[in-house]
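Both of the next two complexes hold subunit A, though its partner changes from subunit B to subunit C.
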Partner chain A sequence: MAFGVVASGGPECHLFSGCGFPAPGAEIFQFDAVLSFTIGGLAFNISKVTILLFLAVVVILGFFGYAFRKPKLVPRGAQNVGELGYLFIRDGIVRETIGKGGDKFIPFLFSFFFLVWILNFWGVVPGAQLPVTSIFAIPVTFAIIVYVTWVPLGIYKQGFVGFFKNIMFPPGVPKAMYILLTPIELISNFLVRPFTHAVRLFANMFAGHLLLATFSVAAFYLLSFSVIGILGSAASFSLAVLLTGFEAFIQALQAYIFTLLAAVYIGSALHAEH
Partner chain B sequence: MFEFATLLAAESEEMPSVLAVPLDELIIGLIAFLIVFGGLAKFVLPKIKVTLDERANLIEGGLERAGKAEEEAAAVLAEYQKQLAGAREEASAIRTAAQADRTAIIEEARNEARSAAAVVTASAEAAMAAERAQAVAALTRQVGELALTLADKVVGEALANDARVAATVDSFIADLERAAAN
Partner chain C sequence: MQAIARQPEAYGIIRQNMLLGFALAEALALIGFVVPFVFGT
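And then the complex of A and B:
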């Protein structure tokens, strides 16, 4: 959305043209609704965010639906790539953190990884250029889904008392420590955990996007017939390109971290840490 | 992140905060996730899971078959070696038995020869004894007859038929026989 931001500064807004630097701000995360409708008194706004969100849904279902349409014992083409993804989730995340008993959570975590990744990935796709996860409501939604999965799961698997006991009274600690430890564990597991789960993803994508936008705008703004302008513009442009590559890496990493944490939470619900 | 603070401050003006979580976005996000999760979990991933399991089974089955074949080969080799050792043992036993047989046969032949010789010797001895007895008997009779003839010639013709003479001759012959036997 760099272009939109530049436009907000005006196409003639350059250094030494009597125009201040139009620093990108919160407005680059606000989008006009292209379609609005109301269901049961609740107004739904279909904007760029919503469109990219469902585009990601289509991409994921389309790709994996195609790759696994008729799986062969000897894979080729798209199936190879799809299997790579599947095995990454199965062996790299699920079996690593939960063990073989976590295999039934593969679709759940698989969905999270690829949905978060593609939503992040829109941030570096020309034309899209918005990591959908930098819209706070999206990571919050995902964190809530994970939260309402692992907490009831833990209660179901360990019993109501057992589940809370295992979390609030971690074994192998002197009794007196519980005065300090129990409130900390309670707060960190049930309040801080879902919050950081959402914020970690959101803040990374938000900051990354803002950084890219800032350097893109700077490259445009500094472009003027002066030494400082040309050097500054070139430096900003180079940084924007470099940071785009870096962002692509961060996007994959954050998707992985989000999924890994979800797997860890589910694992802790399945079997208490001894 | 200084921008963040500015953004939070700017929120109060006219734009909603970037930390706002409108309910409609929550619901839309949930729907998006549910579509992805439902589609993948129900239609897409089970297929690839089956295929991967099948492949794993195939590989495991192949390894198992190879292991079994190896085991079989080892068993056959062991059996063969056992048979070979048995055959060797049997051959040596046969050789030993043949050796023993040979000794026994020689011994038997020797014994047979020995007993045959003994039989021949015994029969020869018996024949000799019989001939000797016969010769003794004949000689005794002839001596008796000679003596009788001699006595007859000495005493005269008359005494020839006398019974006393006959008894005397008989006792004389008996004496001779006893002497011969001694």
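And then the complex of A and C:
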């Protein structure tokens, strides 16, 4: 299946060879299981997605375990990079959205940022070339984890009544507006929020991967001995390379935004808007 | 840009809110792009 994108039209499928453009679709996100086994009635299917997921965990644990194996007061080498990552989460995300009281959540958000980033990053790693977060189940799981963190946290910190009152009846609004505002706030905070949180990450990675696949297939398909073929193939190839760089940027940005939104949600649970 | 120029010390917070707005607006367009792939055929 790894070669499936190009093979979808066959290796002989080129412009003027009589076959249409084999546009990649949602099928490039489906992978056959490499390994299947059953433990206690639960069926496990290990595919490329699962392997990359575990590999991401290994990479993160390996890097940070190595960076902080013997932490020194004056950091050198890998510890510098590790501390830079930590400071980025602390000063760039947590301190600015939650405030000082949010330092407890740095490990949570730190793990999220680097896991999401590495999972996204597989999309531009040669050989892997699949952003794992473009499989919908994975961002959904992440969004659910964030959701079951901030909702109980808000109920715990503000009390059951206080938490819902703060969300459904934001202060500083004319009384009559609550007829309109309360249902909107309720739906947008408890239903739309987790949904868009997951879909934003998924859709970005899905669209980006599809874009790269389309231009890569186009570069292969247009390759033929004709002016338009050579020009089109070269243009598609350079676009694919350029967009790979752009995707690398988007992947880091989406990991940042996912973590930022998680921090904003936790912040809104910790202290009410005023 | 103007906000950052006027108050450079608030750069972090302004950038963060700009990115947040960008993400919230972009998500709608991307949902529109992805839904036909997911639910089509």
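Just so it is clear, the second predicted complex is superposed on the first by the 267 of 274 C-alpha atoms of A that agree within 3 Å, B and C clash if a C-alpha of one lies under 4 Å from a C-alpha of the other, contacts with A are read in each partner's own complex, and residues count from 1 in each chain.
Methods note: a contact is a pair of C-beta atoms (placed from the backbone, for glycine too) under 8 Å apart; a residue touches a chain by one contact, two chains touch by 3 or more.
Everything quoted here is computed from the prediction, not taken from an experiment.
Participant: If we overlay the two complexes on their shared chain A, which of subunit B and subunit C does A:182 touch? Say first, second, both or neither.
Facilitator: In the superposition, A:182 contacts neither subunit B nor subunit C.
Participant: Does subunit A have more residues touched by subunit B or by subunit C?
Facilitator: B
Participant: Looking at A:204 after the superposition, I want to know if it touches subunit B, subunit C, both of them or none. Which is it: first, second, both, neither?
Facilitator: Once the two structures are laid over each other on A, A:204 reaches subunit C alone.
Participant: Looking at A:68 after the superposition, I want to know if it touches subunit B, subunit C, both of them or none. Which is it: first, second, both, neither?
Facilitator: first
Participant: Kindly classify A:260 by the partners it touches after superposition: subunit B alone (first), subunit C alone (second), both, or neither?
Facilitator: So A:260 only meets subunit C here.
Participant: Applying the touch criterion given at the start, work out whether A:224 contacts subunit B, subunit C, both or neither, answering first, second, both or neither.
Facilitator: neither
Participant: Return first, second, both or neither, reflecting whether A:149 touches subunit B, subunit C, both chains, or no partner chain.
Facilitator: Once the two structures are laid over each other on A, A:149 reaches no partner at all.
Participant: Residue overlap on subunit A between the subunit B contact set and the subunit C contact set?
Facilitator: Residues 25-26, 136, 206-207, 210, which sit in both footprints.
Participant: Applying the document's contact rule, which stretches of subunit A touch subunit C when the two form their complex?
Facilitator: 25-26, 91-93, 96-97, 136, 196, 199-200, 202-204, 206-207, 210, 253-254, 256-257, 260-261, 264
Participant: So in the complex, which bits of subunit C are touching subunit A?
Facilitator: Its residues touching subunit A are 12-13, 16, 19-20, 23-24, 26-27, 30-31, 33-34, 37-38, 40.
Participant: Under the stated contact criterion, what part of subunit B meets subunit A in this complex?
Facilitator: 1, 3-4, 6-7, 10-11, 15-30, 32-33, 35-37, 39-41, 43-45, 47-52, 54-55, 58
Participant: Write out the stretch or stretches of subunit A touching subunit B in their complex.
Facilitator: Contact set of subunit A toward subunit B: 23, 25-27, 29-30, 42-45, 49-50, 53-54, 56-57, 60-61, 64-65, 68-69, 71-73, 79, 82-83, 86-87, 106-108, 110-112, 114-115, 135-138, 140-142, 144-145, 206-207, 210, 214.
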